[in-house]
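Below: a set of structures, written as structure tokens.
Both of the next two complexes hold chain A, though its partner changes from chain B to chain C.
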Partner chain A sequence: MPSESELPAAESADPVRAVVRVGDYLNKLRGEQVERECRQKLKDGCQELVVDFSQTEIVNSVGISILLGVIDSAKGTGAKIVFSDVREDTAELFDLLGITKHVTLTA
Partner chain B sequence: MSPQNANTLLTGVPPDRFVGRRQEFERVYAAAVTGIPARGIRLSAAAGVGASELLRQVYDRLFTDQRFCVPFYFALEPGDESATSAATRYLYQFLLQAVAFRRGEPDLLLTQPDIGDLSRLAPPADADWVDGVREILERGGPLQNERAFIRTALAAPLRAAVNGVRVFPIVDDLHRSVKMADDRRFVDELVSIFSVSKAPYVFSAAKGFVIRGDGFEQLNVEPLSREEMSEVVASQGAEADVELSDHARDLIAVQTGSRPGRSQALIDAARSRRRRLESFRDVEQVYAEELVGGRLGQELDEKLLETASDADTVRRLVEALHFSIEPASSRFSLSALRERLDVDVDRFNRLIEALAVDGFVVLEAGLGRLEEDALIADLIDSRYRLTRSGTTTASVQAHIVTKAIGRAPLLMENVYRSEAGLDLEELLLSFDLQEIPIGLLDYRSFRENYKGLPESEVLERLSRDDQTVPLPQMSHVAELLEHLSSPGFAGADRVVVGVGFTDRAYRPDDRTVWLVAEIESKLEAEADAAESWLTKLSGAASPLGYKNYRVWLIAPEGFTNEALDVLEARDAMGSSRRQVELLREFLNPHAANISVDAKEYEMVIPAGDDAELISAHSLEEIARRHDFPAKAVNQIKTALVEACINASEHGLSPDRKIYQKFAVDDEKIVITISNRGIRMRPNNQNSNEGDASERTGRRGWGLELIRRLMDDVRVEQVDDGTRILMTKYLRAGAA
Partner chain C sequence: MKIQQIKPTDFRRIAEDKSKLIHTFGALAEIGQEIANKNDFQETIRTSLHLILGSLAIMRGGVAQYSKFGHELNMLAARSLGDDFPLALTTSDEDERQFLANGIHPIEASQARVLPFFQLYDRSITAAKVELFLPLVIRGEMVGAVFLGEKATGEPYSSYDCQIISSMGRHIGVAIAHRNMLAELERRADENRRLYDDMRMTYRDTVKAFAAAIDCKDKYTEGHSVRVGKYSEIIGEELGWGADEVEGAAVAGYLHDVGKLTVERRIINAPYRIDAKESAELNKHPGVGFEILQPIHHPYADVPLAAKYHHERLDGRGYPDGLFDNEIPYIAKIVNLADSFDAMTTDRPYKRRRPANDVFEDLCGNAGQQFAPELVTAFLGGMLKELQGERPEKRFRKLLGRGYMETEGLVETIRRSLNALSATSPQTVIQ
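On to the complex of A and B.
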């Protein structure tokens, strides 16, 4: 069972590129945490925001809707947004919902 | 001190089945055994909510469990036609109960020996005062005059006290005196006699009945809470061996207005007709039968006849009251009613007072309105229809049952919404001029500084926040609907009005009024919603005479920047639900939180706390056993999680549970997710067009996601709540 305690964290001291980890379950609470971190990074001048899904097993619609807000914010600042290490089923879900049109998915 | 023994004397409910009323019971019991306070307790309750049962429970306990005082219970009855006849019965009952208690023989209460036997049975220590009482009774009536007899009879417990026998009198149903020939004489003499008592006693009457006199302690017995009443109904159902579903039980609890006598009548009717009460329809069918032709209706008919004295007056009364049913709470002039009834002033005054204490009408400054009680409205409606030519009992019953079935889901929905609400009244009353961090009230500040942080960090940061805002001290808080009979907008039941002061000097200039509304919004509430609510509340404040007031809006997810600008321009505040929960915790850190209890597989999980993950992993195990394709497993898991979240966030489930069933065969899996509470509204659920990313509304598309991931989805509205059936075909060509 995924751990409940994992918090999203920002890595990399590079102000231009920042990585934010999603954790095991993208729900409303995690979504808000990710959003907060991402907004801060964008405010700090990040040009490439990498959202790390390597440990994400489950996403729900509330979490996804919050990510859409992050995508909008990134667009607003001209930053590139990348979803990294997305599992196949999660990628299919993003594709189903049209999110992959707005972000880059990487392995 | 809680009722322990199984003996029941006056009460028909064993102590272990008596629900609630713990504080009231303790207060009365303590007064009896300690003799403190040395004055009367005036107990007041709406008709039928169970105050008499509470007092009988106290009596039983006093009789069996202590020897400090002699308990004495007397209640006025319909057969008490005058103060004299009531006083005679009072005197006999006192003698009977005192002798039974002093001898330790409760069976005497059943055998009802005559006066002579009672006198012989009295312990020698009590012989003097018992013989004195016997003499009064044996003379068979007034001594020198009627008044002297009445006063002597009523003073019997005090006479015993003078002889060293402490008595705890409980005199109940005093409001029935309005139906006596000599009106309030019994009550007035009783109050006069006991005004010199140096020991506690209880006088109980219906709410609205005035007992003149000073120095009473007031004890109001409120209706049982919905949860407590549900427990009562469950107990009644179990005792009667009637099959009762949870939602039928709760409907009965709500529809009977938390009146145990009414629910017992429905349960008894179901038992006698061998009917189950498993659906709303089952309940309403029995309800209509009982109201139109059964015990429930007959008891109310008897009260009306007793009040009005003749059938003709009852008919005219029903006709007049019928026109007050719609719109709800419409008022009528008392003088106009008297003219329609064609009775003299004295008779009308007694009639209208009796209707008020019996819970048919409410009197307000020369005007009256029908009590807000669906059963009373249905009674009047049915009796009016029965007087119309061409109608039959069956047609009236059909009318009542269809009306009741139609209203039941909304009735329960309002209850669930109310129970899921933030209890703003309690929150505002906890304001006591404290200074609180601005982030607890202002959403903009909260979003910037606290949103998304773990709770422990939020509270820790709040405690260090030096930007504060003062709260007022609220002296009175009530729902807006209590202030205005018809505020004229939807959602008014979630608005409270708080009136208080901003300073302990309590100067006129320190007065403040807050209008607080809990509004609905899936995302951050927009500017137009804020504007709309500000306009509505301004319109409501005006007839109340409030010129200077503050508006505080609470939306589940807070407000957009534009909405916050609108609010700020009008000196209003906007907060999220989360902020209010934190505020409550900040103001009262020791307050108890609501805790959440977790070839076909069935499971029940708690709503919330990410419990949907438990379902998801259980499904993985089921899938492994049945060899599901991997892709299908992931899709089903996602759909399952969405369905659980939907039930949790929107169901307002009273039991906070989500029920799940997984039915698997070679071709497919059918998952049923159900919850009690709000029914899911049908909306445009068939659109599969457009991407989620393109939408302007970014919430509320969980159901659509489910439809895209599963092969078949059906949303069923059941009596109480919602059921979703999701089917996934597991093999190619199986669909």
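On to the complex of A and C.
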């Protein structure tokens, strides 16, 4: 069975609603892959981009910067960004940093 | 003493501040590690920008390197500044003065419009929503700048935020300063290498000019010094020496007869066997050559010794000092072989060049008496390789002529000589 970090970042083939899975640790290595996937989905016309944090335990500063880049790209295309299954402490961090002003958090 | 009551909202604020602090300190630790890791410079800057943006959730930003020659800020990394943000931003002397005076402290773009820089790039800065500009000043020199956009919270930057930004900016500044220093060192090393190459070239040309001057004195042995230089070079190569040592051997060959410059031309050019008095005069040339070459600082230490001892023989019957085998400097043994080989294979005023087969048998026969056996082996081995087509360069053919090299039975003679040498000759001591 592949480890979490080996799983593909993108899961959904739906052009309107796409899901991108973050993995266990959103750092530079993983983050840049996630960002590429997100940008591609947005470029393909995705209107609702769901970033799945169900397996994510840590988001560091590089991860935050990458998420901000995704948010900025989504603003450019008018797409909605949803962060799903975010752990409580990560959600708290997103809130503190003001990220929740730009995205919707779902359980 | 009055005990202040802590409200539940205070607990929440303290917990929030703690989370923020942990996140920010994590970013500070990572940026320090990133700079210390000395990874690829561009990658370090890109990661540092991520860390500074991510630490305070800043929506956009960029890092630029300052060129003091071009008075330009050249963008190294940017995020979400837009495609129209300039890649190079010019600064004026006034801007530079102000930035240096400001040091690593963020400048609010909206408050800095008095500076020419912010007037010139007002449209770009406004379009990219740049709110803060951080000059990167390291040891009194401007090395770059950081552009920062709005925070994700939409709140203005606090003094705490500015302190964090300054701290992280200092790390980025150090990385750029370090990079500039390395680039300067590389530039100077390149310059030194070029100067050294030029000096080597000048030295080589001077040596060749000297060799030509020496050869001019003797119309019968025109090109002798140059050929001895080339044969010495071949011997060095065949011994497996490195390029510098081979060049040293060549130089020693080129200059071995420099002492002849002081010998009367009529003695050098005498179309007969010179008498004892003339011979004594001529035999002074090794010592004179040493005197001429000794004060010169050669890149190769043995050049004067080659001039002094190139007429010595292993059996002690040479001159000027009658040295024996291991008393003779190795370079002098090489030049001796090269010199003798050229003397045997060129026409002299009183003697025609000797047939090739005779010369090689003579070399072999005199190994251990006049010549160092391993040098004769190396020399003959080099010639055999050329005759058998194992070496593409025709080193011997260029010096001896095609006809001489195609002498019948030459390959057999050399093989026989090499076999005889390997069976009987002792090795001389390499000094």
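One rule holds in what follows: the second predicted complex is superposed on the first by the 100 of 107 C-alpha atoms of A that agree within 3 Å, B and C clash if a C-alpha of one lies under 4 Å from a C-alpha of the other, contacts with A are read in each partner's own complex, and residues count from 1 in each chain.
Simple rule for what comes next: a contact is a pair of C-beta atoms (placed from the backbone, for glycine too) under 8 Å apart; a residue touches a chain by one contact, two chains touch by 3 or more.
Keep in mind it's a predicted model, so treat the numbers as computed, not measured.
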Exercise. Which of the two partners, first being chain B and second being chain C, lies in contact with A:16: first, second, both, or neither?
Worked result: neither
For this session: Name the contact category of A:102: first (chain B only), second (chain C only), both, or neither.
Result: both
Problem set entry | More chain A residues in contact [chain B versus chain C] | B
For this session: Mind working out whether A:25 is in touch with chain B, chain C, both or neither, as first, second, both or neither?
Result: first
Exercise. Which partner does A:35 reach: the first (chain B), the second (chain C), both, or neither?
Worked result: first
For this session: Could you tell me if A:65 is touching chain B, chain C, both of them or neither one (first, second, both, neither)?
Result: both
Exercise. Residue overlap on chain A between the chain B contact set and the chain C contact set?
Worked result: 60-62, 64-65, 68-69, 71, 89, 92-93, 96-99, 101-102
Exercise. Given the complex with chain A, which residues does chain B contribute to the contact?
Worked result: 451-454, 610, 612-613, 616-617, 631, 634-635, 637-638, 641-642, 645, 690-694, 698-699, 701-702, 705, 708-709
Exercise. Quick one: in the complex, what on chain A touches chain C?
Worked result: 28, 31, 60-66, 68-69, 71-72, 89, 92-93, 96-99, 101-102
Seminar exercise, completed: Per the touch rule, the chain A residues reaching chain B in their complex are 1-2, 4, 7, 25, 27, 29, 32-33, 35-37, 58-62, 64-65, 68-69, 71, 89, 92-93, 96-99, 101-102
Problem set entry | In the complex with chain A, residue positions of chain C that touch it | 16, 19-20, 23, 26-27, 30, 47, 49-51, 53-60, 79-80, 151-155
